[in-house]
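Following: one structure in structure tokens, then a few remarks.
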Amino acid sequence: MTVVAEPTPSGTVLATVRTRLVDWIPAIVVFCAGIAVWQLSIEIFNIQKFLLPKPGAIISAFWTQRGALWRAGWLTLKEALGGFALGSAAGILVATVLARFRRLGEALMPIAIAANAVPIIAFSPIFNAWFDPLSSKPRMATAGVLCFFPVMVNTLRGLTSVRPAQVELMRSYAGGELQIFRRVRIPTALPFVFSALKVATVLAMIGAIVADYFGSFGSLGITIKNSVALFDFETAWAAILMASILGVLMYVAVSLVERIVLQWDPTRQERGTA
Amino acid sequence: MTVVAISGVTKTFPKGHVTALQEIDLQIEPGEFVSLIGPSGCGKSTLLRVIGDLTAPSAGTVEVNGKSAHHARLDHDYGMVFQDSVLFDWRTVAKNIGLPLEMLGFDRSRRKQRVDEMLQLVELQGFGDHHPWQLSGGMQMRVAIARALAFEPALLLMDEPFGALDEMTRERLNIELLDIWRRMSSTIVFVTHSISEAVFLSTKVVVMSPRPGRVAGTVDIDLPQPRSGDTREDPRFFQKVTEVRELLRGVGADEHGSVLAEERA
Amino acid sequence: MAQAGHAAAFRGRTPTRALQPAQVRAAAVRAGTVVGVLLALWGLWELYRYVWIREAWTWPFPVNDTTLPHIHSIFQALGQPTSQGPLLITFLLHAAWFTAKEALVGFGLGAVVGFALAVALVHSRLAQRALLPYIVASQTIPILAVAPMVVVWLKSGWQSVAVIAAYLTFFPVTINTLRGLQSADTAAHELLRSYAASRWKVLWKLRVPASMPYLFSALKVSATASVVGAIIGELPSSIQGGLGGAILNFNQYYSITPADLWATNLIAAALGITFFVAVVLAEKLVVRRAPEQRA
């Protein structure tokens, strides 16, 4: 018997690291070039500080105010994380119920799709009226509602896009609905869930920061808003940098979990981040 | 005892009022290798699914091992192999093969032992930790067969398992399948649309006619066992192939061309 | 087998354009279901209000006419005159139109930039390696954080709002179009190679048509995103004419006239859904094949 597919060549760790590095070189070049052009063009064209501060100035503002930025960032991160956890958990839970009761799911689907098209941000002032605006709750609620719909819709799509043949196979083993759910529907849904969760991390940060505009206390959105009002653009940019770092961290954290959980998934690479 | 007893089975699909099967009677005895062959739309796959209780017949009865098909399914009386391998991407090869054992409540050590035996049987030792998509189509199909055999069902239902494979891989797997069939002394119901495959494998070929699906005739294949590559060059082999082909021509297979085209391929 | 499959597919397609009675009935059932579900949700809302008020439950929040107005008072508020004179509905529709223009410009800008970026990226692996990480990273920057800066750059005006909307629009378009442009199978590429087709021809005859379902599933996401972008873009720009301004404004009077804010949100929701539905309809016209097998 000829072996058609050899076990996939794993190669040495060193070689893998080297190819990884080579893959990243263009991105690193772009990064350095971008920073250089930014810094130089400000000096050459004498761009006003309020239009665009130098990257160096932003970094130093970030460093000197790291304590305050971190406190504000930590508050925002807690709000975003809380909303992310609550909204995603609720989304997955509701999707599971709707997948179990298909008629209900089909009846509610058009409403859910419409709700997904609603600018949820508009509801954040109402959450301020519901909860104590000085607590983290209204921002958490905004972030949570923002996360809920994409996670719910994607999870439901995942749970219902199982291959019929796989369900039949389970039935041929006399597997019941519960077995099919555990062994077929959940694994099939996981890639869908993770791509929604990655989107949700971004939405959670957006939700937490946007909600600041409707009254908040001590979080990053307020730092940005107040610094712009005081023409302190270096601090504003440093706060944006902090927000970006936290956003990237959340995204990367979910991606790492995805990488571990979905090791089996051959389409993980091509599906990318969308 | 008769393994599969089908009497008066009719299956109509309400959508489009298609009669997929009409008044099918068929007995399959222990140790037989029965192929169902016919042009597209003759209901051969539907018949297989009716035996496996994956589709309920509109009329008639199906008994498997003397029980209703439904009870036979709940008792894990048969293993099924589908058109494509239907492996779970998220499970390794070993875990795919172990799936039915998990469902039957085998404990871990017995599961591992069975899976190792099965990997050996289909000659995939060393591939247990691979994921299905790392294997070629032929290897995936062998995993699917190993999975179907893992809990040693006496009856194996196979729905065009080699349809998607190239001719050379298919012929090799044919011989492997016959080998397994002899060793496990099981009964196999095999759906195919390749005449030579049906004749080569079977002890009996059931020719079906389309629209509505009926049994047009059966051909007993009394070629000597064990069969090998030489069997395909035996004049009696060609005689049987011709016999089946004549029957198929009678049911209007060449009008659709699919069976004959498949033969040429 | 394959031939038979094709034949079946052709048979399955009804050539008549006229609506079949069965289709009409199915559509009626669907519409009826939506109305029924909406009525049920209304009922749940009022039931929730009733129970929470009667039991004086305060978790997760105390229910009263301020926190959770009657649905009918929200609709009533639309018919009340505002302090400036016109009916609230008239005022809000004007605001919605204002925001819609910003969103539309942003959507168009974002879609064009996003598509062009995808076309550029598909032709260069180097460009993909160099730029894709930043395109992904750009979305982890909370847009509203940058919004005040965009306002500083482009002056406070609808243009800056449109740019913010475009920022939210381009990303799904780029990522999905890129995937779509790469989705045509190798055999089709080889066929065009056998015709000695130029890159340009391959792009227009193969890649772009293949990307359409992907593009439209991105545009559906982007349509909503552009409305969100326009609304949050108005917040730091102190633009009063749009829905974002209306939300900020009614937010200050929420304790007195809560229904006004709810009514504004209702209109904002309607605007988002309108954008979404418009893209769905456009997709129906353009993509004749089975739409988006995968998201």
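By letter and in written order, the chains are A, B and C; residue numbering begins at 1 in each of them.
Rule of thumb we're sticking to: contacts are C-beta pairs under 8 Å (C-beta built on N, C-alpha and C of every residue); 3 or more make two chains touch, one makes a residue touch a chain.
From a predicted model like this one, the values you see are computed outputs, not experimental measurements.
*Asks:* Starting at chain A, find the fewest moves between touching chains needed to arrive at chain C.
*Replies:* The fewest steps needed to get from chain A to chain C is 1.
*Asks:* Among all other chains, pick the one whose mean CA position is farthest from the mean CA position of chain C.
*Replies:* With centres defined by C-alpha atoms, farthest from chain C sits B.
*Asks:* Report, in whole Å, the distance between the mean C-alpha point of chain A and the mean C-alpha point of chain C.
*Replies:* Roughly 18 Å separates the two chain centres.
*Asks:* How many Å are there between the centre of chain B and the centre of chain C, using C-alpha atoms for each centre?
*Replies:* About 49 Å, centre to centre.
*Asks:* Would you pull the chain A residues touching chain C in the complex into a rising list?
*Replies:* Of all residues in chain A, those touching chain C are 23-27, 29-31, 50-52, 106-108, 110-111, 113-114, 116-123, 125-126, 128-131, 154, 157, 192, 195, 201-202, 205-206, 208-210, 213-215, 220-221, 224-225, 228, 233, 236-237, 239-240, 243-244, 247-248, 250-251, 270, 272-274.
*Asks:* Please output the residues of chain B touching chain A within their complex, sorted ascending.
*Replies:* Those residues of chain B that touch chain A are 49, 52, 54, 73-76, 78-80, 82-84, 86, 88-92, 99-100, 103-104, 123, 126-127, 130-131, 133-136, 138-139, 172.
*Asks:* Can you check the complex and tell me which residues of chain A touch chain B?
*Replies:* Those in contact with chain B are residues 1, 4-5, 7-8, 163, 165-166, 168-175, 179, 183-184, 187, 190, 264-266.
*Asks:* Under the touch definition given earlier, write down the residues of chain C that touch chain A in their complex.
*Replies:* 30, 33-34, 36-38, 41, 60-61, 66-67, 126-127, 129-134, 136-137, 139-146, 148-149, 152-153, 172, 175-176, 179, 218, 223-224, 227-228, 231-232, 235-236, 243, 247-248, 250-251, 254-255, 258, 261-262, 264-265, 268-269, 271-273, 275-276, 295
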